[in-house]
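What follows is a structure written as structure tokens; I'll ask about it next.
As written, the chain order gives the labels A, B, C, D, E and F, with residue 1 at the start of each chain.
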């Protein structure tokens, strides 16, 4: 299969109308098929990265476990919108992954440069 | 007692919380559930509007929903009371109606 | 006190059905009466016997069925919403029955409180 | 059956994630069972009342036809939040029903006085 | 040009599936190629043969099936999402097949454009 | 050409439009579909932010979605072009990617 750059855009909080686990699942499959995978978190999507989540309290599988093992899937690109974090009173220290903070202009350039953008 | 209002949306994702806060009446209470609990966190941009209401109305947040989202140990706004589902039932008993801000 | 519950959403796409189920269990644990749970719109998927969520996830359909078996809770799905979405007698989970929206109205009249869970 | 006051609260635009037709259907059934039925429209819910909708363009049943015949179902109480209308650049003349405009305080009192509040 | 489409939602609760179907039909009407439509999460309900919407409403499941029959479009539902929601071989509408998310990735690689419809 | 962005949410119901507008780049276009088309109406509180973008980027609205919502004859913001599904396909062809702001 040809290798393309994929950006998975996450803009929603987990659990409520949550698609967090499914978006991550798709990204992991893309990576396992040798694609160049990028994950972007903006707006309420940054809540997906919050440390200390306990999905078991809602009887849900813990998708954050996979988030902490992205390196094993060769996913090195995790991008977070800095403004979204700040508006929610969060700092990078509150997150469960090492993510690169981007400002809006940089995030926009990233998006524009991808082969495929997937929203889930 | 007045109505119990429930808000299940993030304060950043839509106008449900704002709209609900604009319709609280004497004796009303607000319960944050599901993604609504993100409004309870002390430092967020949504805190200010909730803080105003917290002085006049009883405001609750559902503990299991906070914990699931990693907010179990977060510092919440002053005055917000954390309850479980039994507490939710109890609130529903003590208020005249329950209105969900879907 | 008498409670009725309205569930508007699919158990998979939104937390509403999970919240409704937890609330229903708490109503019974508190010694109150649960008159009826009415499933409307996507809520009818809560009664789909064919659903089989991953082992790690809560099995909402089965937990509703247990509530009916153990506590005799009346679980009613909207017939129009069910037909449209393919939830019918043939694939109805145990404990559920199919009827009209009048059952929601009746439940709200009989109960002291109606609690809605939706998106 | 005892007669109670029911308020059906509509806060969402039709069609998109639309529950407009289903909410109205439930209200009509309540009215036909002799209940005192009130309809409230606020936030994007006011878009449900916009005149000139053509649901057939999306292959949808025309729920606005029933809205125009509320009198035949003995539903006399249609309440609209004036502020929601104004924010959307709308006036009562744009609506397909005769509705009573309320300010927020009056809407809040209405809500607080109901026996049953249904959100769909 | 080659297109692929991703559908994330139930055809009843949200307009996304309708939009996707109209877009798919326009792709074919324009003389372009539609490599695959992949149905994920609630999107798998688009393949539920048991669904039977009211006469006045567009029958989304049937229109997808027609697209497959007439134009040979490859309609694939996610197996994990289907099993969870009770959409399986036994009740799969004609024209659909069941496979893994890899089919979405492959479609996006083969196609020049991936268009997503969701909530 | 840059990406085509689609917005399918009402500008009053959440931040999708705002967020999208903040991420438009040189050569990008915006297509309003589903509930997104409410943003195209000239007199609404959402008009101002869209009007700014309309000067710099091509902005489209899907005709069938406008018509269904009773906006088929509404006066739209200057510069917004109404297209049908064939036009949507054509836009997708002419832009590098299509990004849905779900």
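A few points about this structure:
The criterion applied here is as follows: contacts are C-beta pairs under 8 Å (C-beta built on N, C-alpha and C of every residue); 3 or more make two chains touch, one makes a residue touch a chain.
From a predicted model like this one, the values you see are computed outputs, not experimental measurements.
Path length between subunit A and subunit E in the chain contact graph, taken as the least number of steps between touching chains: 1. If you take subunit D and subunit E together, the chains in touch with both are C, F.
Relative to subunit F, the most remote chain by averaged C-alpha coordinates is C.
The chain with its C-alpha centre at the largest distance from the centre of subunit D is A. Taking shared numbers over all numbers used, the subunit C to subunit E interface scores over half, which places it in the same class.
Centre-to-centre separation between subunit A and subunit B, using Cα means, comes to 27 Å.
With centres defined as mean CA coordinates, subunit D is found 25 Å away from subunit C. Among the residues of subunit A, those touching two or more other chains are numbered 12, 15-17, 43, 58, 60, 116-117, 119-120.
In subunit B, the positions touching at least two other chains are 8, 12-13, 15, 34-35, 64, 97-98, 100, 102. In subunit E, the residues touching two or more other chains are 8, 13, 15, 41, 54, 57, 80-81, 114, 116, 118-119. Contacting chain pairs in the structure are A-B, A-C, A-E, A-F, B-C, B-D, B-F, C-D, C-E, D-E, D-F, E-F. If you check the complex, the residues on subunit F that touch subunit A are 2-3, 15-16, 19, 22-25, 28, 96-102. Against subunit F, the residues of subunit A that register as touching in their complex are 9, 11-12, 42-43, 104, 107-109, 111-112, 114-117, 119-120. Across the complex, subunit A is touched by residues 6, 8, 40-41, 80-81, 100-102, 104-106, 108-109, 114, 116, 118-119 of subunit E. Contacts from subunit F toward subunit B in the complex involve residues 12-15.
The part of subunit A that touches subunit E in the complex is made up of residues 1-2, 4, 6, 17, 19, 22, 25-26, 29-30, 33, 35, 116-120.
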